[in-house]
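One chain, chain A, links the two complexes that follow: it is found with chain B in the first and with chain C in the second.
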Partner chain A sequence: MSNNKHHMGMKTLNRLSNSAIYTLLVIISVVWLIPFVFIVLQSFRVESTYQVGYVVPHQWGFQNYINLWNSDFKRWYLNTFIIALAAAVLQTIIVLCMSYTLSRFRFKLRGPLMRFMLILGMFPGMLTMIILYRVLSDLGLTQANAVPGLILVSVASSGMGYYVSKGFFDTIPKSLDEAARVDGATRLQVLYKIILPLAKPIVIYTILTAFMGPWGDYVFARYVAFGTSAGYNVAVGMYSWLTNDQINNMYTTFCAGGVIVALPVTILFLCLQKYYVEGVTGGAVKG
Partner chain B sequence: MASVKLTNVKKVYDKNVVAVHDFNLEIKDKEFVVFVGPSGCGKSTTLRMIAGLEEISEGTVEIDGEVVNDLQPKDRGIAMVFQNYALYPHMSVYDNIAFSLRLKKVPEDVIYDKVTKAAETLGITEYLMRKPRALSGGQRQRVAIGRAMVRDSKVFLMDEPLSNLDAKLRNQMRAEIILLRQKLDTTFIYVTHDQTEAMTLADRIVIMKDGFIMQVGSPDEVFDMPDNLFVAEFIGAPKMNIVKTGLVCENGKYYVTPFGAKIAVDGDKGEMLAERGVKGGEVLLGVRPEHIDLAKAGEDAIPCTLVVDEMMGSELHLHVDTEDGTRMIVRVPTIDISKEERKALVAGAKLYITFGGKAMHLFDPETEKNLLA
Partner chain C sequence: MKKLLAIALALALTLSLAACGNGGEPPADGGDAGADLAGTYDVVIWAPEAAVDLTKSQVADFNSSNEYGITINATVEPVSEADAATNMITDVQAGGDLFFFAQDQLSRLIQAGAVSKLGASAVEFAKNNNNAASILAAQSGSDLYAYPLTADNGYFMYYDKSVVPDSDADSLEAIIADCEAAGKNISFELENAWYSAGFFFGTGCHSQWITDDDGNFISIDDDFNSDKGLIAAKGIQKVVTSKSYVNSSNADFASGSAVVVTGTWNYATIKDQIGDNMGVADLPSFEVDGQSYHIGSYSGCKLLGVKPQTDAVRGAALARLAQYLTGKDCQLARFNSFGWGPSNKDALADPAVTSDPTLAALNEQGNYAVPQPNIHGSWWDIAKVIATDIKASDGSDAALKAALDKYEQSIQAVFSMSDDVKNAFTVIGSINGDGWTLDLPMTADGDIWTSNEAYTMDAGVEFKCRQGMSWDVAYPADNFVVETAGTYYIQLNAATGEVSLIPA
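Here is the complex of A and B:
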């Protein structure tokens, strides 16, 4: 009987602490979600195009989205999508190959190379902006040709982002590689038939981060496009609406653009968030 | 089915750590060879060099007459079973076994036949659709063996395949490997640190220490006539008793004088000592625990005190201290001891032990080589 009582006490305690945690989480998520809700509401406001002192629109409509369709936004969106997609594909391939190599092969300059990349990674990417612009401009990859230029910028240094996936690969026993090699697999087959299926969370994490970088990029994109609308991505393009002479006409359209930009990433995250969390924490504990 | 020949094989790590020194061995077709030795003796490294998983620093490895030094593992005609099974966790048992065949683009119906046949041989048919994590250790090891079986390889390499299993399962799988060997009828190279496995499985045992081969021979040979002290102590459990003692020669007959006793070296061994012109002097005397008997006081008996008695069921292991404190182990079959005698065998009991000349192994104290080998 006393045992049962004790049990009940634990249960109540658990319930109490759980409710406390959930209350806190709800408050945090409300705080987080307010800006999104605000932007979504503004994007459907059609009675005026400038900033107003209230949140819920008086008149609802799709005019802002129609405006988007009729502006340069289509072009910017496509630019961003191409850059992000290319970066996601190419970066993932490079990062995974790099990680596999550093995890499995032992070669002379492996240690120095890893240290070198670690130190290099400590410098902010912005430092290279001037020289990168120079190089891209000489290659003819600026302004209207900013898209291939930006793809090059984001892919060129991607091998340096090997840490997380190398850490994960290190936890996969080497004897699996050896067994597969005895079984007749080439190194490449070992990578995509054995290692990658076992490292699914890391692969997805790599794809997501590679996609996200260029998707939200502003500084480099603006610099490389350098005032030519055809080379803008969404962030740079939409920011040009926020100048003093434009903002009163474009404010609600800007909000609609924000919603459209957030949409694919949100969907991607909702579908893959399980893997994403596993990926971020995956290197630490043996999978 | 193939022979394997290693000529002056050497493995050097980082330019100065030598893991294997000048390894020479010819393994005949269909022979079962076991590499055995303590950890760090280079046995696994040697096996991995044969497999192609480790670069060969010097020397050549030939399989079936062909030098394979520069061939990839998959082109050497070998199959390998790993200590930790190395099953592909994301594939079912069936897919694990079929993996190598699929890489070779073997038609699916042939794969099906081979996999089901291998599974039947190993008794894992009902687990074919399971993932490895849903199997026990013994079942996993069977899958690993199945994966190696379907490759129809010339040489079967096994790297401590039973070390991860519990004692009971290990005995069972050991017997199954003997059966498997009869069925497959191919060349086996097997690495273990367990001398029992080596003795029970091998046609020939290669005993290694610190990268050197200490002796190559059949289980009988290495047990009866160890080349050196290391092999003598490594093979056999409990290990051989080693005592530093005198060897004297009187009227052409040899005697050892351990702990003040005087025991004649048996005819054959005495003759061999005479042939070699051994003068006598200090020697290392080795006697296996099972060759020591309890005795009555006498010239050839050594007095000692019982320290620990271990009841093993069919036999009794007696740990005794001689008068100068040297610890020795004696194995006595329980059936030879009466109830009264057994009662007297408690810690502190005084006893006498002796052994026949036939049971003696004599080693040079400096070189540790067998004087009779």
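Here is the complex of A and C:
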């Protein structure tokens, strides 16, 4: 009897603590989701275009999205997409090659090189902004040609971000390489036939981070494309709608833009989420 | 992120200054009358997004109507007039050739070499056609650096008549009481110096920065920290301590405000928000110790700047375009399209302009407004703290005075000079054809100060010796006038104030 009672007590306790935890989680997720819900709702508000004191639109419609289509937003979106795509492809190739080399090859100055890149990576990238601008300007890759300029900048230094994937490669037994080499595989074949299939999570993690970076880039993108709408990315372009003279006309369009910008990143993230978590933690198994 | 951007831009500014250093003085535009300007010019124009299409059509009109044979092949980029200086300073060379900007950016643009000085004919055009306040806005030292575009950059009051009856709109106290009773907000962006300065101007204070011809700030004349300033602080305190106070100048009627202090740019939005309940009026008066003070304001302008051009003919052609774009017809077109209040004298007299309700309110407020001069960039950050400090204080006279003391210390620190500089005498005057802008160094031997160089002076040249680059101590009392042309050292006996010339 008493045993049974005790059992009931545990159950109640469990239920209590569970409901407390779930209540807390629900509250946290509501707080966390409110801005997103707010933006989505505002983007469908068509009765006015300025900021208002209520959340649920009085009149629903797609006018903001139509405005978006008729503005320069298309161009900005395309620019950002091109930069993100190019960065994702090139950066992934460079990072993976770099990691493979540093993980599997032993050569003179390998240690000093890694330390050098570690130290170099400690300087904030912003420090180089002015000189990079000058270089890009001399190459003619600013303003209307900002897109190739931004691709160049994001790809050029990407080799230094090898840490996570090198850490992951280090966990793959070297005996696999050796077996493949004995069977006559070249170093390159080892990389793409043996290592990469085993390192799928880290490859996807690299692609994801490379792709997501340009969507949020503001400071550098604004600096390179200054004053030329054709070279803006979404962040810079949409921010230009928030000035005093624009915001009353563009506020809801801005919200619609926010939703559209969030879409590809969200979709990609949802599809590849499983690998992302593995990738972040995978590289940390062994130093 | 913003901070990083600011740092980066500051660096860019320094860089562009350095780049400008070896370029020498850019040729003043405005051009010689009669020079052959015919030709096709590729021009980049930066205009606010709303004005892009209108500007394109105005350029097309210029192409078909100008008598010089100028064809402008224009690319119009949307760049907000609030951002123009920041964008120009990034890289002057790659910036727009013509750009709309708000007047507070003028000094930064001049210092970065991003605007060209107007030539004589352009100055004449601007002065003949625009009202005095807008000319002041485009001026640094004795030169004009831009063409006035609008004269509507001021603020006044919009109110919801269903909350604040017209009869209460004159009294700040009544407005606060009405809004508190109705549970509505008052949007008054007092934690922004542009708005809070109005209280000080209302009680008769002034704040004037003095610039030289190169856009450098040389001194400030400011009496916010005074008895009159204390009255203004009490006025500010009434607003910021009200539970209705919101620090905003947006069109907030849809989010709980019944009074918004803002400018013409929010008219259409507010009209849409409260329709026939909209009241538009000049700012109210507030009462301290039985005396009533009308809240003042800044009035300002938007300007059109022309980037310095290496090719003088091109510069002259751009000056013609700038004059067209800031002329009567173009200003009226902008008024009709976006309600931008003109600075052009003829356009101001147009019946449509005189009957516009917001411009009428702005005009009424204009009786209490101070034309916004060139203001040192740091002032905005220094002065915006006044309202914040007043809000946080206990409201006693001593606490309000402390806020003003802090303000005065901060502005004086902008010009903090070493004691050596403060005590040194310098010569300033019309020497070398200079227009009283350059302080020439002197060296002391006891009380006897002698100019470091000998200057060749014509008869009639005037000068003074002054201490600490200010006019508090200056000799002789009337300007020294050179009687015989020659090359002289200038000598001052600081003990007696006697000035003499020593032939070199």
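Quick note on the criterion: the second predicted complex is superposed on the first by the 261 of 287 C-alpha atoms of A that agree within 3 Å, B and C clash if a C-alpha of one lies under 4 Å from a C-alpha of the other, contacts with A are read in each partner's own complex, and residues count from 1 in each chain.
Note that a contact is a pair of C-beta atoms (placed from the backbone, for glycine too) under 8 Å apart; a residue touches a chain by one contact, two chains touch by 3 or more.
For clarity, every value in this text was computed on a predicted model and none was experimentally measured.
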Superposed partners chain B and chain C on chain A - clash or fit: fit
Comparing the two partners chain B and chain C, which touches a greater set of residues in chain A: C
Partner chain in contact with A:S229 - chain B first, chain C second, else both or neither: second
Touching partner for A:Y50 - first (chain B), second (chain C), both, neither: second
Touched partner set for A:D138, first chain B, second chain C, both or neither: neither
Which superposed partner A:A179 touches (first chain B, second chain C, both, neither): first
Chain B and chain C, minimum CA distance [Å, superposed model]: 44
Doubly contacted residues of chain A, that is, touched by chain B and again by chain C: none
Chain A - residues contacting chain B, complex: 173, 175-176, 178-185, 189, 194, 197-198
Contacting residues of chain B [partner chain A, same complex]: 51-53, 72-74, 78-80, 82-84, 86-90, 99-100, 103-104, 147, 151
Chain A - residues contacting chain C, complex: 48, 50-54, 72, 126, 129-130, 133, 137, 142-143, 218-219, 222-223, 226-229, 240-241, 243-249
Residues of chain C defined as touching chain A within the complex: 1, 4-5, 7-8, 11-12, 15, 46, 48-50, 77-83, 87-88, 90-91, 94-96, 250-252, 254-256, 265-266, 268-269, 272-273
